[in-house]
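Both of the next two complexes hold chain A, though its partner changes from chain B to chain C.
Now for the complex of A and B:
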């Protein structure tokens, strides 16, 4: 078919501009504003959210276009062109339209994040998913009446995009490629299993659909060939994504950290996205660690950005963002001083948890956070109106600021004893904190 | 190059009765009319001749080209043009676009197919309607587009399956004129169950029924089967040959 004819008659060509505009508006309205750091995997993956509507639309268009040739009985004629060439000829404009729309949305996100270079991995997955849904829709359009195939393709594709996220086990969500949009904080990277798993499923869908589209007559052999190919893709995909949890991520490679300081000063290492904050972070770490050590606390001299959930002995783990102010960096350092919560915290509130706010406030005050900043972070609890909440029994929690003022007025050794006791309470399930100094 | 059916056996369903059993036939050069009652196997035979269907046993060949062999399939399919019984419009395509698409499907480049479509439409006197959407064509016009689709890739053998069925007398006359105007070196087989389609434009008459060739001869020989003074001699000859064999 001539290119001019394709542009005039193929639904992919008609929908290129509207679909791209829709993807751009979606990116501007719902994605770009929520982006945090200019971290390429996170920003590039965020654009995949548009797959939720691009995939189903492409599936419906694929069914429509294949149905057009079906109505003219041209799929089963004795052509010279290979069936795959005919499939490509009729479906490529739709795949291109879907991919362009997806990439345009991703480009908007990347620009909103300050012109970050794209990470090709989620974008490759996105294009593969667009192709898979288009061809699966085409396979329906090839064998079912148009009035059935088009809505069936739209609904089946939408269900495949939406339902896995609300189903158990949680790794089901990683099969459709859409879950990559949940990537990533700066300390995480895309899990190879999530990428390869969704590519395996998309590959199974593509090959199974091509098998169904290439057949001249529909029989059980053709159905088995298409079904087995799809099942093989699903099987490989399940093997790859089953080890994953809620998020399609793994811990980021530490070798990309950029460091400052060292020697007698703390060594502070941040992700490249936070490179600009390295001097501020190094200065804050130097002052905070010196203050805490002066009291007698044992504080490591290495500060690294990383997942706050993973504690490494001999290191202070912090997590900041590109929007972090010096006070936020100080907070990150204080949070890094807190021990990991005990296992019982996952199922119930443990007594030591009450100490967390007081310990944080002490650490920040000791590290030199200005009093007004501190007061803003730890306001006195508002009095409870017993008329409104008659069941809110028990005394109110003591004011953080007043407790900290009392602790800070104690001798250094008693402050250390107070901190040591509360840090111990924070790391065990059955130890009561000692919030009020001396009783 | 001769189109030959060599000991072919074909059935639509594995357990069904064969439409053809050990059937052999060499398609004569020139213009052949394939007559036979409904259900005689005409459409099946032409579909086998174009490789739209494959026999379960035996071979269909064009010269040395056997479409069972992957290396021959392209050459065979390019050399055989086929106009199926029903020509369907592709929604959205104009006449020229639809014919060009048929040419592309038969292996022509986009440019060749586009140029060839114009020539094929001129051959069937449809050039002036080249920009008209095929969904807007009359039945007769659509048949001529179907013929152009069969011609566009410059086949050596043309198999036309009941090309005049459902057309009014004027359209049928126009269609016959179109066939008369086809290149003389083309082998053409036209199937029909309408005996009055028989005319001087054919060199050979073949009657098929029940999966067997019942008669093959020149038009003159065929007409001589009927008494010289009979009205509708072709009809009488046909009836006597078909019923005589039964």
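Now for the complex of A and C:
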């Protein structure tokens, strides 16, 4: 078919510009503002958010275009080319339009985050999903009346995109490719299972659709061939994504950390996205660790960025962003000093939790956080109006700043004992903290 | 008349209303969070509010099945029957939804019925404006666009996102009934021209 004819007749060609503008608008309005660091997997994956509407629209357009050929009785007319060649020619403009829109949105996200090179993995998944939904729509349009196929394709695709996210088990969401948009904090990377699983499902959809599209007559064998191919893709996808949790991520490869310091100074390692923060972080870590050690606390000499959920003995784990100020870096160091919360914290509040704010405040004060910054972070609790909250019984929690002033006025050994007792309370389920220093 | 009933697949629309009722009872409140352009928090869209598209698609499919050339010479007023069919289907959808709500089987029944009226109206408009095969596409596209773009910054529906606003908002009924009236009006205009010809 001549290119001019395709541009004149194919809905993919008509909608290339509006769909791309919509994806760009969406990326600017909804996605780009939420991006943090210029971390390629996160930024490129965020671009997949537009799949939620690009996929259904491409499915509807695919059904429409295949339906046009059906209405024209093209499939029953004698044709030299294989049906798949005809399908490719009629559906390619739609797949191209969807892919261009998706990539344009991802490019906007990348520019907004200040990134230079995208991560191709989520983008490949996105293009595969666009192709899968377009061809699945075309298969519906090939065999169902146009008035039914187009809305059915639109709604089925939309349902497949949004429903798995509200269903159990949670890994169902990783089958449609859209869940990749939930990737990633800087300490995480895209899980290969999520990428391959969604590619397997998309592949099953593509092959199943091609089987349905290439048949000359619809019968149970054709339906079985298409259905089994789709089921096989789904089965492989389930095997790949079933080990995943809520997010399509794995822990990031630690070898990409960039380090400074070492020797007598702390070794501070940050992700490449935070390399500009390395001198500030190294300086803050040196001062903070020296001051904590001076009191007698046992503090590791290695500071690494990593998942806050994973504690590594002998290392102080921190999490910062490229927008972190020196005070935020101090906070990250203080948070890294807190022990992991005990298992009981997931189901109920444990008594030691009350000590967390006081311990943090002590760590920040000792590390040299300016008093005004400290006071802003730990304001005195507002008095509770008994008229509004008659059930708010018990004395109010003591002011963090006043307690810290009292603790800091104590001898070094007393401060160490106070910290040791409260750190112990924070790491066990049944130990009461000692917030007000005795004596 | 039997031919008209068979060609318009009236029985399929009856099944579609039954299917809508089943969806409303079974999973009507199951809400999907749709990413919204102007919202930090996406719009929560109950599945039951999109389910009336099944009825509008069925009606639209039925209306698209007739052979226009043959029906132009029919003794019976086919176009008026078609319009009546769409209006009755909208009424039955609302009645079924309201019945489910009043009997406590669904708390989305009236909203779903309202959406059914609007969707059928939109399919009549789409049929008239874009061709009879496009009738069912218009309500589906409108519904999805409203779902995607109808949330404000806090994730609550904009007043014009009539498919998700509460049923006590009269503006949503103005939209829904307005679309049906407009669709009927456009179709009647077509009837007049057909008779004049």
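Keep this in mind: the second predicted complex is superposed on the first by the 434 of 439 C-alpha atoms of A that agree within 3 Å, B and C clash if a C-alpha of one lies under 4 Å from a C-alpha of the other, contacts with A are read in each partner's own complex, and residues count from 1 in each chain.
Going forward, a residue touches a chain if its C-beta (ideal position, glycine included) is under 8 Å from a C-beta of that chain, and two chains touch if they have at least 3 such contacts.
Please read all numbers here as calculations on a predicted model, not as lab measurements.
S.K.: Check whether chain B or chain C contacts more residues of chain A in the superposed model.
M.R.: Comparing touch counts on chain A for chain B and chain C gives C.
S.K.: Using the touch definition from the top, say if A:154 reaches chain B (first), chain C (second), both or neither.
M.R.: In the superposition, A:154 touches chain C alone.
S.K.: Applying the document's definition of touch, where does A:86 land relative to chain B and chain C: first, second, both, or neither?
M.R.: A:86 contacts chain B only, not chain C.
S.K.: Just chain B (first), just chain C (second), both, or neither: which does A:353 touch?
M.R.: The answer is neither, since A:353 touches no partner chain.
S.K.: Would you sort A:77 into first (chain B), second (chain C), both or neither based on which partner it touches?
M.R.: first
S.K.: Mind working out whether A:163 is in touch with chain B, chain C, both or neither, as first, second, both or neither?
M.R.: second
S.K.: Taking the superposition on A as described, I'd like to know which of chain B and chain C A:29 touches: first, second, both or neither.
M.R.: A:29 contacts chain C only, not chain B.
S.K.: Output check: A:429 vs chain B and chain C. Expected answer is one of first, second, both, neither. What do you get?
M.R.: Touch status of A:429: no partner.
S.K.: Of the two partner chains, chain B (first) and chain C (second), which one does A:53 touch, if any: first, second, both, or neither?
M.R.: Once the two structures are laid over each other on A, A:53 reaches chain C alone.
S.K.: Which chain A residues lie in the overlap of the chain B contact set and the chain C contact set?
M.R.: 71
S.K.: Mind pulling up the chain C residues that touch chain A in the complex?
M.R.: Checking each residue of chain C against chain A gives 30-40, 47, 50, 53, 57, 60-61, 64-65, 132-137, 139-141, 144, 148.
S.K.: Help me check something: in the complex, which residues belonging to chain A touch chain C?
M.R.: 25-26, 29-30, 34, 49, 52-53, 56, 60, 64, 67, 71, 145-148, 150-152, 154-155, 158-159, 162-163, 165-166
S.K.: Can you name the residues of chain A that touch chain B in the complex?
M.R.: Result: residues 1-3, 5, 8-9, 68-69, 71-74, 76-81, 86, 89 of chain A touch chain B.
S.K.: Provide the residue numbers of chain B that touch chain A in the complex, in ascending order.
M.R.: Touch residues, chain B against chain A: 50-52, 73-74, 77-78, 80, 82, 84, 86, 88-93, 97, 100-101, 104-107, 110, 114.
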